[in-house]
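Lettered A, B and C in written order, each chain numbered from 1.
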Amino acid sequence: MISSDNGADSNRFEVLTQTAANTPMGQLLRRFWQPVGLSRRVLTKSAMAIRILSEDLTLYRGESGKVHLVGGHCIHRLTRLHTGWVEGDEIRCMYHGWKYNGSGQCVHRPAEPSSISDKTRIAGYPTHEYAGLIFAYMGAGEPPEFSLPRNQAFERSGDLRFARMEVWPCNWFQHVENSLDPVHVSFAHQMGRVGEFGRAVTDAIPELSYEETSAGIKQTATRSAGNVRVSNWTFPNCNHVRVPGLTDGDPWIDTANWMVPVDDTRTARFSARSVASTSPEADQRITRYFEEADGYNAADYHEALFEKHEYPEDPLVRLTSAQDYVALVGQGVIADRTRKRLGKSDAGVAFLRNLFFRELNAIKSGQPTKQWRRLDKPIEMPIPTRPEAVTS
Amino acid sequence: MISSDNGADSNRFEVLTQTAANTPMGQLLRRFWQPVGLSRRVLTKSAMAIRILSEDLTLYRGESGKVHLVGGHCIHRLTRLHTGWVEGDEIRCMYHGWKYNGSGQCVHRPAEPSSISDKTRIAGYPTHEYAGLIFAYMGAGEPPEFSLPRNQAFERSGDLRFARMEVWPCNWFQHVENSLDPVHVSFAHQMGRVGEFGRAVTDAIPELSYEETSAGIKQTATRSAGNVRVSNWTFPNCNHVRVPGLTDGDPWIDTANWMVPVDDTRTARFSARSVASTSPEADQRITRYFEEADGYNAADYHEALFEKHEYPEDPLVRLTSAQDYVALVGQGVIADRTRKRLGKSDAGVAFLRNLFFRELNAIKSGQPTKQWRRLDKPIEMPIPTRPEAVTS
Amino acid sequence: MISSDNGADSNRFEVLTQTAANTPMGQLLRRFWQPVGLSRRVLTKSAMAIRILSEDLTLYRGESGKVHLVGGHCIHRLTRLHTGWVEGDEIRCMYHGWKYNGSGQCVHRPAEPSSISDKTRIAGYPTHEYAGLIFAYMGAGEPPEFSLPRNQAFERSGDLRFARMEVWPCNWFQHVENSLDPVHVSFAHQMGRVGEFGRAVTDAIPELSYEETSAGIKQTATRSAGNVRVSNWTFPNCNHVRVPGLTDGDPWIDTANWMVPVDDTRTARFSARSVASTSPEADQRITRYFEEADGYNAADYHEALFEKHEYPEDPLVRLTSAQDYVALVGQGVIADRTRKRLGKSDAGVAFLRNLFFRELNAIKSGQPTKQWRRLDKPIEMPIPTRPEAVTS
């Protein structure tokens, strides 16, 4: 048992789960570019309401094609701004026509005679589209260069790319802990039809090792000499793994999952996937598969999963989502970590918590946090050449 | 900016939004007859549960045809009283048969040998039916004469009359502010198919003027010399306007909207409408239209309105309801007025708040409030003779 | 009026309605075997999540056929345990494979090298199946012999037996009070088609008498010389009554209802019924009736019952459930007993409250409570030989 993680002081863990703007974790997360939406869901001249990091916001795409993220309510009488009209790269409130640009500055008040002060503004956050996702920088000051979230796996030319998201009713930190916990793969992902994925990675209980990098954590799970799985976890909430293809012979799939708090009781799980193109037939088949899986959100099947033990028949996306959903949401909306009993096999969870405690202590004491930066050289993420048979 | 409305003291505005019996606004609203139901929905010998001004009540119609409004629960064991039986003009609890008359006095306890004291009673409020609505007086003491809510527009012989209601999940004061805000018509009601209504009243930004009357507020919105719109607002929560007919050539429609708190997070929006009879064909067409629109409640389409931007195809009732719904509910359940930034074009909102602050201050200091009384002479509400073209 | 039950001190009644483990009533209820599930719903090698007495638990049936009741969450990372696998008579967590036996002791942690301490355990409660119900003992120390809940009416050989349950959104004590209140039968159960049941027991207002027994309360309701109804109420929450059969000539039905808190705002109403076998045709008809009624839960018809006054067409189970549902849930989730006004005809309610106050005072002062034990000789529960005509 790792005693430092079994304390009875619930406040010790609350700092990990609370993410509003006035909390240490809220400040820490806001120092990084965060995914906030799917590019393809925000059509030109359309707007949608989103909630991220406990903030109600308006995400819209101007006529220029650029995406903008501004406050959720008009400052005048507080009507939801996304119910208005996009005009050029600005958005106009449906109630009295006040208009805002992408930085949140009010630029027109049709029925007001006076000029507009610089203070007549709502929130406005820079955005950047990458790998099918819309990222935003919601922190103070100038945004950092869009570098840390980049990954050559999502920049290979010719790859098929798929982005999707689900929203689950539990705290974000349960998601992040899960990504530093390769032992769960041997159990939670063993159920049902797991095909090559099962043969390759759910085989045996792995040996674990963790190493802090310039970008986050290198996680190594060794199941046998020929079965070593490496994950490249990027601070503060992205995990990059390689998983087997849909059927034997399909190329392995690079997957990056970002776990972003909607608020403290809901989490958006954004996924970017990249698959090497092989033949037109395979490309078409793989594309169709991901399109079909696109609308799946395990939360829509909560009752089937928890009361009827019914899992989707699916070789990858829907099944693993459903399994993780049961494992994470089953811990409660905000897991009571004082009741948990970590073991040696939770080394990744302990490593993760300690790393966050260190950064949060810096925030709380006004000290600089680590200057996380993209890896100089990508981590090697080996693919097992000959997956072994399933060990029951 | 009108600084007096932009203060940071949230308590300043809470007095406007809190309406339970023990609050200043609750006491003020209870000094007036308030609509509590639709006449046609309360059939003879039937009872229904209603909630008005945060009170759970029983509304029933006795065999005499008279409507009664009494407490929601039997005093004996607290079962909901509307689930019992109407007998004569009294109502009997389904649990043990205790019976109450229309004043709330218990008049029979079948299994009890002792006589009934005068104190064995529940709430009982006088009612009055008018313009298709059931009004009640929920205040202390003798009810005032049923005079202030009357309006000759709803007493013209031969008119077609239509009463309806919707319940929306937001505070009542957002509704009332909206009725003193004719600028919103130029934007919120511009969307979709607004026909003659659009041509007539959503044309240009109006010049506003406000004048306190013996009954409430006379509101004048001047869009051009030939386009002057006057509303007759009756204290504390009724707005009477004239709107164009359903198609060109139809008579204009007198509409009175009462905005009554269900509680502090929901509002019942009662409407009475009166239309001059013209030809049997037109009367039938107009009647059919209002009957079809009768069941519409914008709250049932919340997701379509807020997430899909889907508005009903309708020339009047459903469309304008949907538009107001988005504008009002989009402000939040109870709008945070400390975050709002009123402008010159919000003169009506400021006028309204100041009028209420004056009356509430009288309540709080135990002083008499204004003796509001019906207008000696109706306000003239002109109809534009030649609506101008839409200005985009 | 019985003044002792009309006090304004709400805390006086809270002790009756609060049932979590750390409350006096929670401790009292946990000293008795309580029904927690239906035997037929827990198949061999299956697990389900239940909530009883505010505790989240896992109910599963091992390969031996024995039912086990253990904590709801794995102690390791808190995932819901019922989503895992039953292996033998043990259950394994789906997240990391930790395994527990029926006493809640962890017996296997696949990825952990160290041995398991006795303290690595979750809750584990003894179970006993009887009359189609699964009972559990959730108190401290050794469970009492399974004796008090037994009743010869459910042990007659050859009888048809039917067990069912409903869960209603109100506090358990409203249910218990209702079972000591035979006057309500004359009103609440008078509505609709009550057939022989109506003729026999809803006839007139009864004379009431109450007597404390070794097991609980003997309740006698005398409507006339030939119409005496006796109920055998067993401490703390079971009522045994006899009700008429489904049609004239059918044997009367022994019914025992246990009212068990799910938590303080929901109650599980478990019913066991026993009917003498007569002819194959009658047995088949009666069996089919109870099978059809099995899935009925009045809570699923809340709106129909409260807003539309629509009751199920049914001679017994569904109709009486619906009627009691309206009477009990209509009191509010947790009835405000300070607002109630008990009368002489509520003698049973007063008797019941006083009995509970006595036992709870013993708990609070650390004194022994009464040693409730099964009746030495069953109470005679007469069946009216010739039901009288309905008195309207």
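Heads up, the rule we're going with is that contacts are C-beta pairs under 8 Å (C-beta built on N, C-alpha and C of every residue); 3 or more make two chains touch, one makes a residue touch a chain.
Note that this is a predicted model, so its numbers are computed, not measured.
Enquirer: To bring subunit B onto subunit C by a C-alpha fit, how many degrees must it turn, rounded to the nearest 5?
Expert: Rounded to the nearest 5 degrees, it is 120.
Enquirer: Taking all residue numbers at the subunit A to subunit C contact, is the shared part over half or under half, that is, same or different?
Expert: Homomeric contact, different residues on each side for the most part.
Enquirer: Centre to centre, by mean C-alpha position, how many angstrom separate subunit B and subunit C?
Expert: 46
Enquirer: Can you compute the centre-to-centre distance for subunit A and subunit C, using the mean CA position of each chain? Integer Å is fine.
Expert: Distance between chain centres: 46 Å.
Enquirer: Of all the residues in subunit B, which ones touch at least 2 other chains?
Expert: Residues of subunit B never touch two or more of the other chains.
Enquirer: Can you list the subunit C residues touching subunit B in their complex?
Expert: Subunit C residues touching subunit B: 183-184, 186-188, 191, 205, 305-307, 309, 323, 326-327, 330-332, 335-336, 339-346.
Enquirer: Sort out for me which residues of subunit A touch subunit B in the complex.
Expert: 48-49, 73, 75-80, 83, 93-97, 109-114, 120
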